[in-house]
Structures are given as C-alpha cells and as structure tokens.
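By letter and in written order, the chains are A, B, C and D; residue numbering begins at 1 in each of them.
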Amino acid sequence: MDVGFIGLGHMGSGIAGCLIRAGHRLVAWNRSPGPVQALVAAGAHAARSPGEAFDTDVVFSMLARDEAIEEAVIETGALDHARAGLVHVNLATVSVAFAERLARLHAEHGVGYVAAPVLGRPEVAARGELNVIVAGAPDAVAKARPLIESFSKTLWPMGEDPQRANVVKIAANFMLASAIEVMAEAAALGQAYGVAPKDLLDVVTGTLFAAPAYRTYAELITERRFEPAGFALPLGQKDVRLALAAGEAVNAPLPIANLLRDRFLEAIAHGDGDKDWSAISDVAFRHAGLR
Amino acid sequence: MDVGFIGLGHMGSGIAGCLIRAGHRLVAWNRSPGPVQALVAAGAHAARSPGEAFDTDVVFSMLARDEAIEEAVIETGALDHARAGLVHVNLATVSVAFAERLARLHAEHGVGYVAAPVLGRPEVAARGELNVIVAGAPDAVAKARPLIESFSKTLWPMGEDPQRANVVKIAANFMLASAIEVMAEAAALGQAYGVAPKDLLDVVTGTLFAAPAYRTYAELITERRFEPAGFALPLGQKDVRLALAAGEAVNAPLPIANLLRDRFLEAIAHGDGDKDWSAISDVAFRHAGLR
Amino acid sequence: MDVGFIGLGHMGSGIAGCLIRAGHRLVAWNRSPGPVQALVAAGAHAARSPGEAFDTDVVFSMLARDEAIEEAVIETGALDHARAGLVHVNLATVSVAFAERLARLHAEHGVGYVAAPVLGRPEVAARGELNVIVAGAPDAVAKARPLIESFSKTLWPMGEDPQRANVVKIAANFMLASAIEVMAEAAALGQAYGVAPKDLLDVVTGTLFAAPAYRTYAELITERRFEPAGFALPLGQKDVRLALAAGEAVNAPLPIANLLRDRFLEAIAHGDGDKDWSAISDVAFRHAGLR
Amino acid sequence: MDVGFIGLGHMGSGIAGCLIRAGHRLVAWNRSPGPVQALVAAGAHAARSPGEAFDTDVVFSMLARDEAIEEAVIETGALDHARAGLVHVNLATVSVAFAERLARLHAEHGVGYVAAPVLGRPEVAARGELNVIVAGAPDAVAKARPLIESFSKTLWPMGEDPQRANVVKIAANFMLASAIEVMAEAAALGQAYGVAPKDLLDVVTGTLFAAPAYRTYAELITERRFEPAGFALPLGQKDVRLALAAGEAVNAPLPIANLLRDRFLEAIAHGDGDKDWSAISDVAFRHAGLR
C-alpha cells in the first residue's frame, strides 16, 4: 500500500520503520530533512511537501503540538492533494477542540479521519509494540487497521467519534502525571521520617502498584534522574493543559490536574523546564524543606 | 512457640489461622467473644484478658484504631503481664504519634516492640500471602520473623525505628486512595465525552496501570459496586487523616491528601459513610453534573 | 474634544453619558443599534462603523471579551481610519496576551494606546465615580487624562506598559472572586453548626471585613439573591481564566484561582450558568450536604 | 463586682486593665508572676491559684491554647472553688470540641459558662474597643454583659450554645488567613509582571478592599515586615487547624483552609515558624521563583 508519513521525531521514526518493514511504500515528510534521509536509507521516499504524503492510500501524522499540525497539514493545503479514498491517521495527542476541528475539516475534503493516539515510549514504538487508542468511522478504521497493527501490540477501539480517542489518551497522560505527583508526595513524607525514597517506593511498586508506569517513574524520582529528558517537562505540561481544557469544555473539574498545573509552573520557575517531566517530583520535596 | 493474638476481625482471624496451622500454641483474645470461639474450634486457647495473651513468647495485635489498642493493651495493664522476653508485633496501621508512644511504653516495660503493618485484603491474609512492612530492634524482629513468615509472602524490612514501618504503610494507603480519586476524575472526564468509565479504565489498567490496585478499584468504580464495603469508607478516611497528621508533624505538605480529605467529608455528607471507600469516586462525577 | 466610543453595554453607556455631560462631541458605535439611539437622544453622534469612532481625538472602547475587540477594532480595519494623534483608551479587562498584542498593533499604526480597566459597577459608572487603573505612554495618558477624570473618582497610574494595568485589574477581580468563595466556605461551616449565614457574615463584614466588596457579596450570598445577575457568572469565569492565563505566562501558580475555576465549572454543571457569579457560593454549601 | 481574671498575656492584660478602670475588684492569676504584679500596681489583687479567681462573681479567662485552659481550669480543680452563681466567660479561641466539653463540665459544677471570643489586637483591647462574639445561657450572658461592655465596642450575640460563638470566631480567623493568602497570590502575580506589590495592593485596599484587615496585612506583606510577630505564625496555624477540625466534625470541606494548612507547614519547613503569620505570603512568591 502507499503510505504517507508526516512527523519523524523519535516516536514517528520508530513507527515509520515498522511500516517499511511491513512492506509498504512509504512517502515521508518532516520539517527538518535529517530524519527523512535516515528513513530513505531504510527504503522510504522523501516527500517534497506534506501534500505529497497525502497523495497516498493512508497517511499517518505524528506531530507533538496542535500548531505543528495546523502548519503542516492545514496551512500547506495538503488536504487538497489527498488521493481519492485517503484516510488520515493522526497519532498525536491533540486537544479535544482541535480534534473536533480536524474531523470537520477532513469531512469537508472527503478525507477519512482516524484519531489513533499511542501509549508507549520511543523504544516501544521502534519494536512495534505500542498500545493504540483508535476512533473514527468504521470504514476508515478498517482501511487503516492492518497498518496500525504493524506497529502495535493492542488496538483499543473507542467508537466512531475521533474526539473520544483523544479524551482517553489525555486521561491516560493525566493519570501518569498524577502517579508521579503522588509518588513524590509519599516519598517526601517518608524522607521526612528518614525513610529513603527508594525503600518506600520499592514497597509500593513491588506490591499494590506493580505497574510499568509506577516502576519507571519511581526509579527516575528515586535517582533524581531527570536528564536527559525521556519525556520533556513542557510536553507533560501541555498534556495537563489539554486535560484541563477538555474538562473545561464539558464543565468537569479535575482538581488533581489543577495541582499538577501548578507543579509544572513551579518547576519551570525554578529552572527545571528542560528536564524530564518527572522533575516535578522535586516540588513536593522542596515544599517540605527537603531540597 | 506460645503466641498471643489480640483482635480477631476479618484480617486478624485469617492471620491467626495461619499461625495455628504453622503449629503454634495460640492464645487469642477479642473484645466480642464470637471470633474467639471460631478460632478455639480450630485449636486456639481463649484468653480471658489481653494480659493473658501477653503471657506468651510473641504476641500479635490487629486492632483498627489507636483507641482500641489503647483500651486493650494500655488501659488493661496487659504490659504488666508480659512474659520475660516477650515481643509484641503490632500489625495495625497506627498514627506515627501513637507508634512513637507505643515504642516508648514497651521499652519502659522491657517488652520488645515490632511494627509490622500489612498490605493485603482479608482473603489474602487467610491464604498467608500478605506483604508485611517490618521495623523494630533486630533481636525482636529476629524472634518474630518465622511467625510473620507463616502468613506472609514478602517481608519488607524498614530498619529499627517502628515508626518507619507505619509511615510506609500510611504512605501506601494514601497512594491507594489517590489512585481511586485519579481514576474517578479521569473516568468522569471521559463520561462527559460519552466514553463509558469501563472503556476508559480498561485501556489504562490494561497498559500503563496494569497493577492490582488499579484493576480492583477500576472495577468497583465502573460498576459502582460500593456495597458491601470491602474496606469501609471511615477507615479510609482515618488513613488519610493519619497521612495528614504524619505530614503535619514533620512539616511535609500533602496536597493530594488534602483533596482526599474533602472527598471523604463530602461522601459522608451525602450519605455514603457506610459504603466502600471507593465510593468517594462518586464525588468527581457529581461535581461534573454526572450523578 | 472629539471623542469616539465603542461598546455601549451597561458600563459603556454610563461612561459615555459622563463624557457627553462633560461637553465633548461623542461619536458612538455599538454592534446593536439600540444603545446608540439612547445616547444620540442625549447628544451623541451615531458612527456607522468602528472606523468612524476612530476618526476622533481620543477613542474609548468597552467590550467584554477579547474576541469582541478583535472583531470591532482589528477585523474592521478601524485602526486604518485613525485620525492623526489619536489615543485609544481600552477600558475593558482583557487578557495580558491580548493586551500585549493590542499595544503592538497600535504602535504599528502610530496610534496611542492606553489600558484603563475600571473598578465599579454600572451605577457607579453612571455617577462618574469609577476607579480607573491606567497604564500607557506618558503623552498618551496625558491626553486622555481629563476625559478619564470626567467619569472617575480616582486614577491609579501603573506606569507605561499597558499590560501592567490589565494585570492589576485581573488581580482585583481574582481577589473579588476569592472573597466570595471564602465567605461561602465560612458561612457553610457556620450553618453546619446552626449559625445562620447572615449572623456569621454580619460579624465579619461589621468588623475586620467592613469593605464594600465583602458587604455587597455577603448580602447576595446570605439571601441567595443570584438573579438577576449583577455580574454574570460566565464573565466571572472569564476573569478567573484570565488570571490563570496571566499566571501561566510567567510561571506564577495561583492555587486559589484553580479552586475558583472548579467552582465555576461545577456551578455551570449544576445549572447556575445564567446567574450572578456569587452563585458559586452554593457549591461550598452543597459539598457540605447543606443544599 | 468581684471579678476573676486568668491569663494575662498581651490581650488579657489590656482587658483586665479595662475592668479595673470600670471600678471592679479584680482577682488575677497568671502562670508566670510578672504580669500579675503589673496589674496589682494598677489595683488588682493577686490570686494564689486559679481557684481563687473562681471565688468571684464573674471570672474571665484568656488562654491561647486548649491545653492551657485544661491545665489552669480543669486540672487545678478551680471549678470546685467556684462561688455560688459564678459565671465563667471564656475569651479565647478554642476548638469546637473543647468548647463543648467545657460547657458540659461547667454545667456539671453548676457554673455558668459564656463563650466570648474577641476580635482585635492588643492595642485595641487596651483601649476597650474590642468586638466580642458572645454565646451562652441568657441569664449568664446578662450577668456578664456589663463587664464585657467595659472593654468592647460591640457585642455580637450568637445565641445560647457557647460553641456557636467559637465557630464564628474560628471562621473569622480563617477568613483573615485567607485574605493574607489571596493578597500574596495576587501580589506575586503582579510582581512577575513588574508591578510592585505595594502598587498593586494600594489599588485594591484603596477601593474594593478598603477594610482594616486588608490594609494591615497588605502593609506587612508589602514590606515583608514579619518580625516582630504581631500574631505568631504557630497561632495562626492553630486557628486554621481549628477551622479544619470544626469542618471535619460536621463534614464540611474547607478547601481554602487546606491550602492554608500547607502554606503554614511550608513556611515552618523554610524557617519562618517564629515570624508573624503574614510570613506565609512568602510561599506564593517562592513558588513563582520570586524569592
């Protein structure tokens, strides 16, 4: 199949690699040329514009911010170059407001639109073992499904309205940030009593919270290993902002998201804006006079 | 070995059963006589007073509230009946202030004191597969260890100061309550967008949060199965109160615990005081106009 | 002097009336024609477009939302019709981001720009006794000052950067909303002990908090007089949103604003979106099971 | 009239002075003898025990903490020395739980009990211009009223149940602490935009918030004049704790009190425990990276 791909960051490159290995003809575009060349070496074709990537059967995009999608897909007029029957699979975590707008815009251009935000870090993407939350019109999802399966472990179908997949993804990231915060508070409490963060978090992640998310972040918090950033703090801040905006649109208060919002602001105000988002854990320690 | 046991609720009875099956001579006391008779049928001896249970080699106590321990152990003068060399293993979640007082009091009476709060529900206790957080003087811990092992899967040593084990237990329960709250907020957000709580929580507990705590409580929240109470709401409230008190004593703010405190108050104010503590999840839905 | 005026809501009409009474030639524009006719009867001239109101010596605008200013002033090209030496005095509470953009845009068109958000309700505006927070280039402020004085009791100068006046106004409204919330919490606490809200709030507003803001809102809260809306709940919500956005831009957490944000969402979710913003006080009572 | 007085701190000494000047025979007791001697010089009689002060017609007490009252009044058996018909007027801010216990205890001893917590600082007390919140049985209040009037500007009657006066006083102090916090957040926001705290707070305390409480604390915050402590930070912390405990007893959440609780903890953790309670304002600035 002819497959387009837009946005070759760490996540995008890994996923695009899976699609090539699955035997598809990949037409790739990226704002900066470096990642495209790497992919061309693996067999991809370089697109000269986003529109060229849209002249395929299915086009994927993986762009971190709403504005990046707006620039690459909307402002370049890529939708006008869409091949008949094209389905656009948006892998990114976008705001629910933007998700709605994208769905409408694609409908107007007769292009299928599937929201397919992913759970997993770059190395998981490269191995083709992502969890993918999928929502869109049944025929569009059906067309994209075999391609999505080439880089995922599990597909989680969320119905026809693309916005629904985004809400679930936003909720998942909100829960991740919350887990960081609650581990930080618990570990700061322990440390105030002389219990090392590692000792305390080993107990909980070895028992009730023996889940990947907790284990990964317990380690980062314990060792204060915030650099290099696995997931940059401003991206985490963006996701909390998306959760708050999603809640605001439907009058759903999210008090823990409010707290997280402030943790990110304070972390940035104290110079941690370039670190991993788990660096917000320092705030709880600092408030208790432990930093 | 002669083993005393005080406090035969659901947890205590299960643990005491393990100790009998391990071949020990058990001297059991409980405020109400019913649970003692059940245990006598399994081979235990009924103590006429807490003091009699203290006339053993190792005595365990499992009493839910500080006041209950105060009444049974301190006010009855049980410590004055302690056999020479006795070690008292306190399995309950007590406040850190009371933990300190108990340690001091036992030292004054020449009785060993080990804090050994447990993680796990009654059915896990009955199977002898608890996780036990242990802190106390090395010789006291050494004497109690084989007995503790008879009802536990893993011992988590936390050093010599009994208070440390209590802080870790309190932190673990605080994290559990937080997990309930964050799932509730996430699920309420999803529902406001038409995503069923089960669909949303299935994704997160099937991926990032594939941990026992999340799975158990996701199910209760999803089905609103708050009765009968597996862990009664006022006990959960007590544990959050312990966390806040522990934080206050060392000037460690715990903003999520503050939020939880209010969730419990509001749940009780709305008539849910007799339900499972996961009923606090209704608060997030109600605030969003979804109940 | 030739004075333009854009935006004739309750506040704007009162202020415009003062300017006419002070002897100025007023050129007024409003989206809907009704308020303009009323003003024409008092001696004003009706502008056919915002641009006509900009063909004056000083033009005032009083539009409740950033979007309304964008439509009336920017999208209509009104700035292109500015008379040489024109100063635009923006009386509205705008976001700090938009304040910055407006200042830049006016500079590009060679038009003076003064931010002059006002404190006071419509009846105070009509009497010409507003408090006005003023920031802008000294010469622009000097030109506008006599006009501003015709409808104000006190001018509060805040320096040259227009944004500074907006931050102060946003902070003042944030403090007002906070006063409502804290009175609500205190009154709900009292009521739970059988003390009528009026009895409790009479004590505090008769002593420590004998300030206009507290007295006005204590009365509304006490009598639950939320309709008709003196200041509509969505406008209060907007102001809290502006405070949060202002804080976010400079990494300043505002935890009470977070709380207020949720109060507004919950009030709207419970059907109070058309009431006075003091209706958020019901939330504290409802949480305590008192509604 | 024979009047007893227990507790001669800054507040108590000022009030006792008013009672002497009003022509009453004052029998004064204080834990440390210094303040008693000063009062004797003004005409008072020194009591050798609290009981002696209870052998009068009306006895006042002004002791800062529940524990101090417990020691001086309950543990010394002072109630057993009460003259027939004695009325005890408790001027202190006590917890609602202790207020209830005191009322019961006095009833058992046939002693009248009036709760009369005061609003005002020491200099106001010395001038006899306090605001006094009064609750108790009508005949007890009637007997004490002329005495209370000798040191107060206004009496605020709150009915028969003494607890009610305490709730109102606790609510008032909670509102004061909240005012400090909200001014701190607003001023920190302003400072992040280059507006001096004094400039911003002058606007609000000169307009909407032209109340004594705001003016006094705006000045302390602006000048960071936290030493010497006018009202010590731990006493403010105690009052917030009383508010939370009062709320907990009746299931009334007080989210702003939660926030304040954390501000006090953090201030103490950062070494400000000996300062004026307005020093909690530094926390908002520090979180924004401004300290």
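Basically, contacts are C-beta pairs under 8 Å (C-beta built on N, C-alpha and C of every residue); 3 or more make two chains touch, one makes a residue touch a chain.
Keep in mind it's a predicted model, so treat the numbers as computed, not measured.
With centres defined by CA atoms alone, the chain at the far end from chain B is C. The interface with the greater number of C-beta contacts, when B-C is set against A-C, is A-C.
Between the CA-based centres of chain A and chain C the separation comes to 39 Å, rounded to the whole angstrom. Taking each chain's centre as the mean of its C-alpha atoms, chain A lies 38 Å from chain B.
With each centre defined as the average position of its C-alpha atoms, the distance from chain B to chain C rounds to 54 Å. Residue positions of chain A with contacts to 2 or more other chains are 247, 251-255, 259, 262, 265-266, 269, 287-289. Chain C makes touch with chain D in their complex at residues 96, 119, 131, 133, 154, 156, 158-159, 161, 163-164, 167-168, 170-172, 174-176, 178-179, 181-183, 185-190, 192-195, 199-200, 202-204, 206-214, 243, 246-247, 250-257, 259, 284, 287-290.
Only residues 262, 265-266, 269-271, 287-289 of chain B touch chain C when the two sit together in their complex. On the side of chain B, the complex with chain D involves touching residues 247-248, 251-255, 258-259, 261-262, 265-266, 268-269.
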